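Input: structures, listed below.
In what comes next, chain A is part of two complexes: it sits with chain B in the first one and with chain C in the second one.
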Partner chain A sequence: MVNSDGQLFTIEGIAAGLIMLLTAYIVVSTTSMYTPGDTHISDMQLEQLGSDALRMMNTPNSTAESGQSMLQNIIKNKETERFRETFLTFCNSTTAGSYDNLQLSADLYYRTGTNTVNKYHLTHSRNLTGGEHAVRVTEWVHLNDCNNLCGVGLRPGVQTVLVEVLLWRD
Partner chain B sequence: MARLNDDAQWIVLMGFIVSFSLFFLAIVVNQSTVVGQTTAEGVLEFPKNDIRSVREEVIACSDADMDKVLKDMASIAMDRKNAVVSFRITQAPQGLPFNKTFEIHYNNGVTAYNETATY
Partner chain C sequence: MLNDHAYLSIDFLAGMTIFMIAFIWVATMIPGLLISLQGGTIDYDAVAYRTGVILVEDPGWPSNPPWEIKDDLQKDDIERFGLSIEKDTPNILKLSKVERFFCSTSFHYPDDYQHRVIFGDRPYLFNISLSTFDATMSHSVGDIRPDGYGYIRRLVKIKYPSNSTINAPNFRNSGLSANVTKHVFSVQLNCTELIRNITNLANQIPAYQIPAYQINPLRDRIMVNISNMRGAGVFHPGANNGINLSAIEIFRQNPAQPFGKVREYLGPDPMVSVYIDGGTTTVPALPASVTDNVSVIFSPGFFYGMASDNTQLYINYTYKLEQADNFFNNSFTIPYPYDYNHVTRPILKEGVLEVAIW
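The block that comes next holds the complex of A and B.
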């Protein structure tokens, strides 16, 4: 005859088994602990901020066809100091209180007459150590002529160059 | 053998219920950091600003500069962004309500963008 005594022991056994399984699961899963920094949310925001800053700098003040943007003028005249100051002001401004602490390292990429792509280092606010968690933002800039940058290897005449900024929070 | 005493089992049961609900709440808290990850990675991977920048530059350049600008953008985009960029500006035939047609192509292996714009 089936005896239904001791059912409580069975339930207890099952409960104990479940608890052990859950404990094992928790122990195993704690080795891959996610922190908010791993989830790239701040990278996304930083990239958007940097892109917006570059876009603002590359928007001409006037709608006239000859209207040049600040970024175009900065590059043409090789005003690297002005680039750094403007970009950092745009990025580090907060609605109230102290400035944010973003740093940049900017390069200019151009195509030479021999069809190779070369780099000209524009400016940086900190030296890159390799440990930064930087994001890259870029902007195409249209130049009518190489002007002050002819000396560094840009071809004369109309061309498009790429401004590439590494941006990180220090 | 002592008799099995099953009095006050509901206390044990309540204990189980409370601890299990705490456990599931802890899982919810634990997952909350991961929630934004897929979104953020999706946004980072999608080259929105690249495409907009290419578009802006193409529309700004005139017919005369097209070849040089195309060569510049194609080689720099390939070199720095691993993206294929190509575009063509053609004069529209007479009698159409627009002057020029822009065909813009962008492909970085994950995202492809093709546009034909007229103005």
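The block that comes next holds the complex of A and C.
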């Protein structure tokens, strides 16, 4: 015989549904979650700043000296200290005069005389311990003459080398 | 025997159906709910980033004629600010654009900026600042930053305009026939050479960077300094021969038009500044007495309407003396060329631009 045991009446079903929906809505709308997008914003800011710094260093200030950029001269003359100081000055300066706290580790990738790709560590401001949340920025640098460049065995002649900088906020 | 096992009531079916429909509807809303959960920081950072890109990588609109040469009466024609020289020279800003952008008498915070550089649906407040590393320039527009704001920092180089300094005694005419009271000195702006024929520069630097080092009379500020005029006389040296700058005239020549005068300095002109003997205010009218030096600054865009990239422009200075003498005069020789070999082109200056949005 059919009776009402174990059955859900319409009005109860609607009420239960609404309560569950309301609960779900309140829970979701009051939850604060730190999404990957937030992390990406600060990464993007660092990447943009690092890219700007390398680009500025690789833009000649005048047409004198055959239009060589500071970055080209730094690599040619193996001025690693100048690279570190200039890059950090560029990245850390603000319009208010205060100084940010960005650190770097830079490498140079190039082809050797045997046509293999080699890496030369240019400089760093802090040792990388592995815990830093660093971003990577790169810049291709065109060198007209690589003879005995840096003393690190670059292939002689014209070559475009890659400068890679890991950048992080201390 | 029939019984009621596994039966569902109509009431339960109706309730379950309504619940499922409502659940699906809510589920489709969840992505939207999560976006709103991420808060305003992302939005502000994104707007700051976009504003930074517009300022640093875009030359603005209109580009021809460029927005920075629009005067205050034409500022409604400016659709978008942008400080880059060209779209192919990101991060390299032009001084005239920078000075125009931060001109507080021309543009008012925030209304004039919100729909030309900030954009967006909300009336954002902001602070935009720019300074050079050598501390020779510092500009800012906007409010003081609150505790929380979206932010971007961009590194830039700023191109300063060229200038030429002419030592007057080096261009003294000679001979008795030149012993007169009226002398004309001409400066030539060869637009064809300056804008088109830039092979010398192209050999030195990558082609895409050329606008960063180019002299473009149609868009750049042109500055001509004439110095040591008291030493230009022969029979009446010094400043006691009543040197008077009586006229500054612009002549034009191009393949389509005959040689002729197109402009003359008649007095205060917002596009031309004439400074005499180190004065800080432009002379009200000509003729004007000169003791030693004359500086004339033509604002960006002064030549825009009167020339193109195949035009020869001549700036003629007419001087009158009280007594006849040989003087600063090249009307019998060749005009002084304002070109890459005869001008001072300042190096690009590094700086930092910050955008804060809230």
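What we mean here is this: the second predicted complex is superposed on the first by the 126 of 170 C-alpha atoms of A that agree within 3 Å, B and C clash if a C-alpha of one lies under 4 Å from a C-alpha of the other, contacts with A are read in each partner's own complex, and residues count from 1 in each chain.
Going forward, a residue touches a chain if its C-beta (ideal position, glycine included) is under 8 Å from a C-beta of that chain, and two chains touch if they have at least 3 such contacts.
This structure is a prediction, so every number in the text was calculated from the model and none was measured.
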| item | value |
| --- | --- |
| Chain B versus chain C as contact partner of A:T63, first or second or both or neither | second |
| Touched partner set for A:M44, first chain B, second chain C, both or neither | both |
| Touching partner for A:A53 - first (chain B), second (chain C), both, neither | second |
| Which of chain B and chain C A:N101 touches, first, second, both or neither | neither |
| Winner by number of chain A residues touched, once chain B and chain C are compared | C |
| Which of chain B and chain C A:T160 touches, first, second, both or neither | first |
| A:T23 touches, of chain B and chain C: first, second, both or neither? | neither |
| Touched partner set for A:Y109, first chain B, second chain C, both or neither | first |
| Common interface positions of chain A, toward chain B and toward chain C | 8, 35, 38, 41, 44, 55 |
| In the complex with chain A, residue positions of chain B that touch it | 4, 6, 9, 16, 23, 33-34, 36-37, 39-41, 43-44, 49-50, 53-54, 56-57, 60-61, 64-65, 68-69, 71-73, 75-77, 79-81 |
| Chain B-facing residues of chain A, complex | 5-6, 8, 15, 22, 34-36, 38-41, 43-44, 47, 51, 55, 109-111, 115, 117, 137-140, 142, 157-162, 164 |
| Residues of chain A defined as touching chain C within the complex | 1-4, 7-10, 12-14, 16-18, 20-21, 24-25, 28-29, 31-33, 35, 37-38, 41, 44-45, 48-49, 52-53, 55-56, 59-63, 66-67, 89-91, 93-96 |
| Chain C residues touching chain A - in the complex, by the definition given at the top | 3-4, 7, 9, 11-12, 14-16, 18-19, 22-23, 26, 30, 33-34, 37-38, 41-42, 45-46, 49, 52, 90-92, 129-131, 133, 138, 140, 151-157, 201, 204-206, 209, 212-213, 345, 347-350, 352-354 |
